[in-house]
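Chain lettering (A, B, C, D, E and F) follows the sequence in which the chains are written, and residue indices restart at 1 in each chain.
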Amino acid sequence: MNALYIVCGLGLTALVAELFNARKILSFLVIIGLAVAIGLTIPELGTSVSYFTNMVVFDNFAMAFSILIMTVTILWFWMAQDYFNQDLAHYTDRASLILFTVAGGILMASFNNMAILFLGIEILSLSLYTLAGSKRDSLASNEAAFKYFLMGSFATGFLLLGIALVYGATASFNVQTIAATVVINSATLPAFFYVGVLLIMVGLAFKISAVPFHFWAPDVYSGSPTSVTAFMSTVVKVAAIAAFVKVFSVCFGHIAPSWSLVLKIIMILTLAVPNLIAAAQDNVKRMLAYSSVGHVGYILLAFLSQPENSASGIFYYLSAYSVASITSFAVLLQVEKLNSGTDIVQFNGLFKRNPLLAVAITVALLSLAGIPPLAGFFGKYMVFIQAIDKGMISLTILAIVTSLMGAYYYFRVIIAMFLQEPAGGAITVSTSQKILIVVLVAGMFALSMVPDYLLELF
Amino acid sequence: MKIPVEYYLWLSLALFCIGVLGVLFRRNAIIVFMCIELMLNAVNVLLVAFSTYLNDAAGQVFVFFIMAVAAAEVAVGLAILVKMHDNTKTVDIDILNRLKW
Amino acid sequence: MTDFLIYKILLVVGVFTITLVVAMYATYGERKVAAFLQDRIGPNRAGPFGILQPLADGLKFFMKEEIIPSVSNKFLFILGPSIAMITALMAGVLIPWGNTLIINGTAYSLQITDINIGILYVFGVVSIGVYGIMIGGWASNNKYSLLGAIRASAQMISYELAMGISIIALIMMTGTLSLGEIVNQQAGGDWNFWNVVYQPLGFLIFIVCAFAECNRAPFDLPECETELVGGYHTEYSSMKLGFYMFAEYINMFISSAVLSTLYFGGYNFPFMNDLGLSHNAITILGTVFLFAKIFFFIFFFMWVRWTLPRFRYDQLMNLGWRVLLPLSIANLLLTALVLLWIDK
Amino acid sequence: MTLYLFYFLSFLAILSALMVVFSKNPVHSVLYLIITFFCIFGHYLLMNAQFVAFVHIIVYAGAIMVLFLYVLMLLNLNSESEPHKNNTLKFVAVISACLLMVVLVAALRGTDDKMLQDTGSQIGYVRNLGKVMLTDFLLPFEITSILLLAAMVGAVMIGKKSSNTTTPQ
Amino acid sequence: MESLSHRSKVVSNKKMTFLERIYLPAVLSGIAITIKHLFRRKATVSYPEVKREFSKIWRGHHVLKRDDKGAERCTACGLCAVACPAEAITMTAAERKKGEENLYREEKYASTYEINMLRCIFCGLCEEACPKEAIFLTDRLVYTDFARDGFIYGKDKLVEKVDERIDVTVRQTPAVLEFKKHKQLSHNK
Amino acid sequence: MLTTLLIFFPLAAALLIFALRSKQSHALAFGAACIELLISAVVVYQFKTGDAENLRANFQWIERIGLSYYVDIDGISLLLVLLTTVLVPFIILSSFGKSFSKPSTFYGLILVMQMALIGVFVAQDGLLFYLFWEIALIPIYFICLIWGGENRGKITFKFFMYTLAGSLLMLIALIYLYLHTPGVHSFDVEALYAAGQGLSGGEQGFIFWFLFAAFAVKMPVFPFHTWQPDTYTVAPTQGTMLLSGIMLKMGIYGVIRWLVPVVPFGVITWGYTAILISVIGIIYASCIAIVQKDFKRLIAYSSIAHVGLIAAGLFTLTATGIQGAMIQMISHGIVVVGMFFIIDIVFDRTKTTALADLGGIRNVAPKLATVFVITLLGSVALPLTSGFIGEFLLISSIFQYRAWLGALAGLTIILGAVYMLRTFQKSMSGDTNTLTASVTDLTWNEKAVLYPIVVLIILIGIYPAPILSISEPAVAKLLELYSPLTAIR
């Protein structure tokens, strides 16, 4: 809960900072603040306290995801200095919107009431709509914002109808109460309850961009400013998945058979489609967008195999995914800055232009592809182990096929970097970004060396 | 003086589906946006009906949050729309397909 | 039951009539006040002191040729002024025009109905009012009308905010949304029970916003003749124009009534309980006092109109968003703090 | 009586909702949507949810739709010459919406009738709602402020004119 | 730069004080001013019932005077038309026939004499120019009309009737009268 | 402890080389490889003196998913570790005198590769094995990608995808086994054996094929081999040496350690099929080798043939077969490294590997020709060379299994002789032409690589007993598993 207070407070501070011309120290302040929030949350791990008449519950699930969200945000802030500096007039606006998004994310991880879930999603989404459009003179950015906005609100409609129907059947918005009602009255639940559950699933599937509700994602990801894309594909994704997992494990875990078929279809599509399409992309940003959609498939696979016991695996997967994603975006940003483009040809010969960047993004892509000993492998491994445990061998094989496809397009970038002639002169990277990239790469290895700590959180 | 709650269910589903239809059917972004508002309103009707039926105020309280969110969405959405119109001189959503793969 | 119904219908008709008459004479009053403030006499030909002037004006409106622009949207063109008129009339329903009259042991309230969210009702109706202007302005298919309509909508939405927040501060104090109760709480014979004493800033904000909501000078930008010919009603003539004018005066009347109700004790007047009069007499006297207050505010509206120059559009928005809104929020916070402190 | 009122309001609501979708002129769509909102307002009153009803009017009819109308007028989009979607797409849209309806109806067909509580129920009164909102739902209430703030900051950020030429102090 | 005319004003953009910035005092003083006017005496004159006194030297509708015998004084010399800054006066000269001696004082007279009242600015220069004391401005009003033609006053409206002479001395100051007298002498010499 | 040192010393050295970016990277790397060789010598000493306990290390790493760091060295592992530690210095040495772009990266990657290979050979935990298995892929991929030849992007990618696909299937199989380990789930090799043996026939079959796919791609066995000739051709010589000399052995080792004992029933059921396709692969590869026009490609196909024979021998599940496989692995590793180095030398001098352009090198570079002859004889399994022992054991085991298969497999020697001698004839004998006229003889570092290899080839051919004795107990232990099952066969 402290984390939530601090993040909201920071968001307000960021707004006020405009008045005092405190931009210089703002990002420093934000990073410190988030670090403090993390520091305050870690000691509380292992406890489970509910606040505000049971509106939010900070248990290990919530706190772990909050910590993950905030950690990635810190890294992101470090990475995205350019994003803030390129439009000083809106420096504080952007910072505060990002922080509100984080607050929304924390709420989505810690909600114990559908109202909080809904508001968390909306805070997150509304801030993001504008952030996606924050490159105001770029048509692509405008379109991304608008598309994201239309699709987002459309999805909200479904989510709300679902919540309403569930409320009608269970007479409560409280997650625990709903779960209890579902168990006790399972026989007498009206049909519209199940419709409601499915609608909630549709609504959340939009938010986690699972196929076939993903069609906004690639456009939005490639249209938004690259830094924002990085944020969307990490922090936001983590938050959305946390919400999804929580709703369907805690709330509707007991009636898994009624929705697992639908989720299974969604999952199969999510595994297959984006990975296929990503292979056809010539733009790295867009490729990463599709790949981030594809990763949802693995998470869904893990979730589907053990709806009530998959949090740790998913959490680890997301941690690995986020760090790798941030790394690849950090490199992408540097490349984009120099070449003003994110096509795959801009990566040609990166190894010769700046070995550090090339190696870092290689490690990140390998991690995303699930090559050991990187963290991404253990993530996928956790998924497979859960799926095989439940006898979903054929789905696992599908996952493997798709992860091979994933490897295919990740390697296109790697090959371009190591094989092709350089597409330009050497790239110089500022010291702080260098340090960040080294930290991130080290992080990817560290995650793979000591995953136990993360896994024991649940 | 009693109306079965199902009637409200039907009504709100009808409105919701009309909203969905509008979102899919129209190209004018503003109308699409309005249809989304219609969807939210359908949900509101349903929530109030349930709330009255269950004699539980929570449903109506939830409606307020939806309203707040709807208002916020409108502010943001129209800002984006106006910005987009500045750049493209149109609100036809089909031009959004420029970014297709 | 039938008695009650008949009484209510009578009351409705009464209120309706009074509203119309007051609005009618407000046009007369406006001209008179303008004249007086400009050292003139004003209309004085139709009847003694020109008292029949409003009738003449009305007749003129009826007699004038009715012009509907050929490229306009006819239905909406007619709908615009109708909405303006209807919404203006609707707000009067909830004003407590007086205390109860006791006839044959039955108490008859002089308020048509007192719902528990009266202020919200007023607000809702006011917020609908802008459609009249917008639809009319749009349907005229004239750029000046359209600009007037756009201005009107922006202005009304902007000022509704500050208005709402200033009222919230009041509601926090009174603890009810019902107008009847708010008035009753201000009863008690002594002037310092009036809410304006506790909410001077709120009152100030409210009255400024009321000016803006009624499109009255100095906020009459939607019909700013120096810039927009006639604003939203450029294309209107005859009774439809009359409706717009009328609606404006009715709005003025209703906002004066709301102002008196919320901040000036409604039908209560000082030392009302010390006079030793019968209940009915006090009720009637109260109604008279209410109308006195209302007339004073109507006069105030006119007074300000003929004193202050029109705002520029950016000044208007600045005032709304950067002055009134923060002020009203500050007022809200202050009220909340004081209430908390008193509570302790 | 109430039932007939319900039928009437529902009919009008659905009819005008359809008109929102099918009328050619965006301004007419807005007006039809306002009519729909008024029907919904009527429904709220039927359910004795007064507070919700009036807030609904203030928020939706009084603010949101005015904004829509405002933007329509500002961008001068009142032309009826909206380029039409090609017929296949329209067909697909209608089919999918109908499909959704059919699916929902099919799923809900079996529900047995339940009656509403007496309309005398007082939960729709502001006193009750306020109590619930500020006790049980205090956190969401507060969170809403963050939401609105975020929306405001975002909208301002998007809407502000570009100030590339002016460097901040 | 040194101002050449010393008439330009230097605009001061001084910061407003707090009191000025809240505007309310200014607004209040404004409405105080207007309310004062509410109680002022009204300037309006209710015209048909109450008529405002003309000034003594008020100049209105022209008149072409006759002499004591009833003959027109005007000899169509055209000096008035030359003097008229608005060029409102036109005339045609004619020779006096036999038997018209009682009509026209001298051998030459104006057969038409028109003043366009829409052009006339009532300056009185014609009056001063006239060597024959023939044209005077009186205190009468020029009445309204619906047509422009109606404002072109011919001799029918300008020449005074024999039986109702117009006293033009009323509005002449003694000095003028003295001067006129003197002039008359010289004229009549 | 020693084993851990064995694994991580090359990694540390590699990181050091990466960090230093020195011009003398090759010397550093060579030094590190020699030290590694010394360490392995100590390991051999410890192994021989029966201090085998010291070689084991076992502790939990990631408890949650059952991963433990469990390494041990038994006879089979030791042989392959030795192969690695012996060959890597030679490989590094062979690169002396050549200039690479970014040498530190190159040598660092070779050392990382060595670390991963040793890891694969000593891992006793299924997942750890898998990790090293995958890690081995990355450095070799980059070696081929950065320093490879024409068209390397596509070819190395194909190689990568094949191996990755195979290993992912293996991962599924391992996870499946893990989930069926009795008691607390664990990846311990023994536990996996127990799990595998407890499975039903059908399950064993599916595990068999999943695991076999991974190993078959790596070896490569027909029809999983299509990546191999291209990759061998395109990779830099050191890469080809690593691939063919050591990495290929990972597959065979995998079969011995992680397939045969895990699903005995599956092996028995499907072994016949496996042998059959191996034998088909032998003949197929040999036939293609005969018509190859490119020197390097020819050796690549010969490698497929040899490995096919090893695989076939393994699946006979006889001590002869497995021991033959062991010795043939060593032999093949040494021979093929020598062979590729000779090709590299020839290419270096003539800038071509097309057989048609060569000829008469014997006349100008007699030492080279001699070394080539000996290596070649080792490859065609002439008695008294190392190849003979292995192939003899293998063919005899296949012959015992099915006589006609043995006969077919025996063809490998004949066909091998055909293409090898043809190669010699085309390249070394005959008249010198303009290209080969200028070929110079061996330089010092080439001698330093090739002479020891030649010595080793002959030495093992004459006296293979020490090698056989090292692996014998481990092989016997392996086969104990099958004694009850032979009845079924």
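The rule is simple: contacts are C-beta pairs under 8 Å (C-beta built on N, C-alpha and C of every residue); 3 or more make two chains touch, one makes a residue touch a chain.
On a predicted model such as this, the values are computed, not experimentally measured, just so you know.
**Student:** Which chain has its C-alpha centre farthest away from the C-alpha centre of chain B?
**Tutor:** Most remote chain from chain B, centroid-wise, comes out as E.
**Student:** When the mean CA coordinate of each chain is compared with the mean CA coordinate of the whole protein, which chain is closest?
**Tutor:** A
**Student:** For the interfaces A-B and C-D, which has the higher count of C-beta pairs in contact?
**Tutor:** Result: the pair with more contacts is A-B.
**Student:** Could you tell me the distance, in whole angstrom, between the mean C-alpha positions of chain A and chain C?
**Tutor:** Between these chains, centre-to-centre, one finds 52 Å.
**Student:** From the C-alpha centre of chain B to that of chain E, how far is it in Å?
**Tutor:** 75
**Student:** When the centre of a chain is set as the mean of its C-alpha atoms, what distance in Å lies between chain A and chain E?
**Tutor:** Each chain's C-alpha centroid was found; their separation is 91 Å.
**Student:** When the centre of a chain is set as the mean of its C-alpha atoms, what distance in Å lies between chain B and chain D?
**Tutor:** That gives a centre separation of 5 Å.
**Student:** Can you list every residue of chain D that touches 2 or more other chains, as numbers and ranges?
**Tutor:** 51, 55, 63, 67, 74, 104, 108, 111, 136-137, 140, 144, 147, 150-151, 154-156, 158
**Student:** Mind pulling the chain C residues that touch 2 or more other chains?
**Tutor:** Within chain C, no residue touches at least two other chains.
**Student:** Under the stated touch criterion, can you name all the chain pairs that qualify?
**Tutor:** Pairs satisfying the touch definition: A-B, A-D, A-F, B-D, C-D, C-E.
**Student:** Which of the residues in chain D end up touching chain A in this complex?
**Tutor:** Touching chain A: residues 104, 107-111, 135-140, 143-144, 146-147, 149-151, 153-158, 160, 162-163, 166-169 of chain D.
**Student:** Which part of chain E faces chain C closely enough to touch in the complex?
**Tutor:** These residues of chain E touch chain C: 27, 30-31, 33-35, 37-38, 40-44, 46.
**Student:** Sort out for me which residues of chain B touch chain A in the complex.
**Tutor:** 5, 9, 12, 16, 19-20, 23, 29, 32-33, 36, 39-40, 42-43, 46-47, 49-50, 53-54, 56, 58-59, 61-62, 65-66, 69, 72-73, 76-77, 79-81, 83-84, 87-88, 93, 95-96, 98-101
**Student:** With touch defined as at the start, can you tell me which chain C residues reach chain D in the complex?
**Tutor:** For chain C paired with chain D, touching residues are 76, 115-117, 120-121, 123-124, 126-128, 130-131, 134-135, 137-138, 146, 149-150, 153-154, 156-157, 160, 177.
**Student:** Which positions of chain C touch chain E when the two form their complex?
**Tutor:** On the chain C side, the touching residues are 33, 35-41, 44, 303-304, 306-308.
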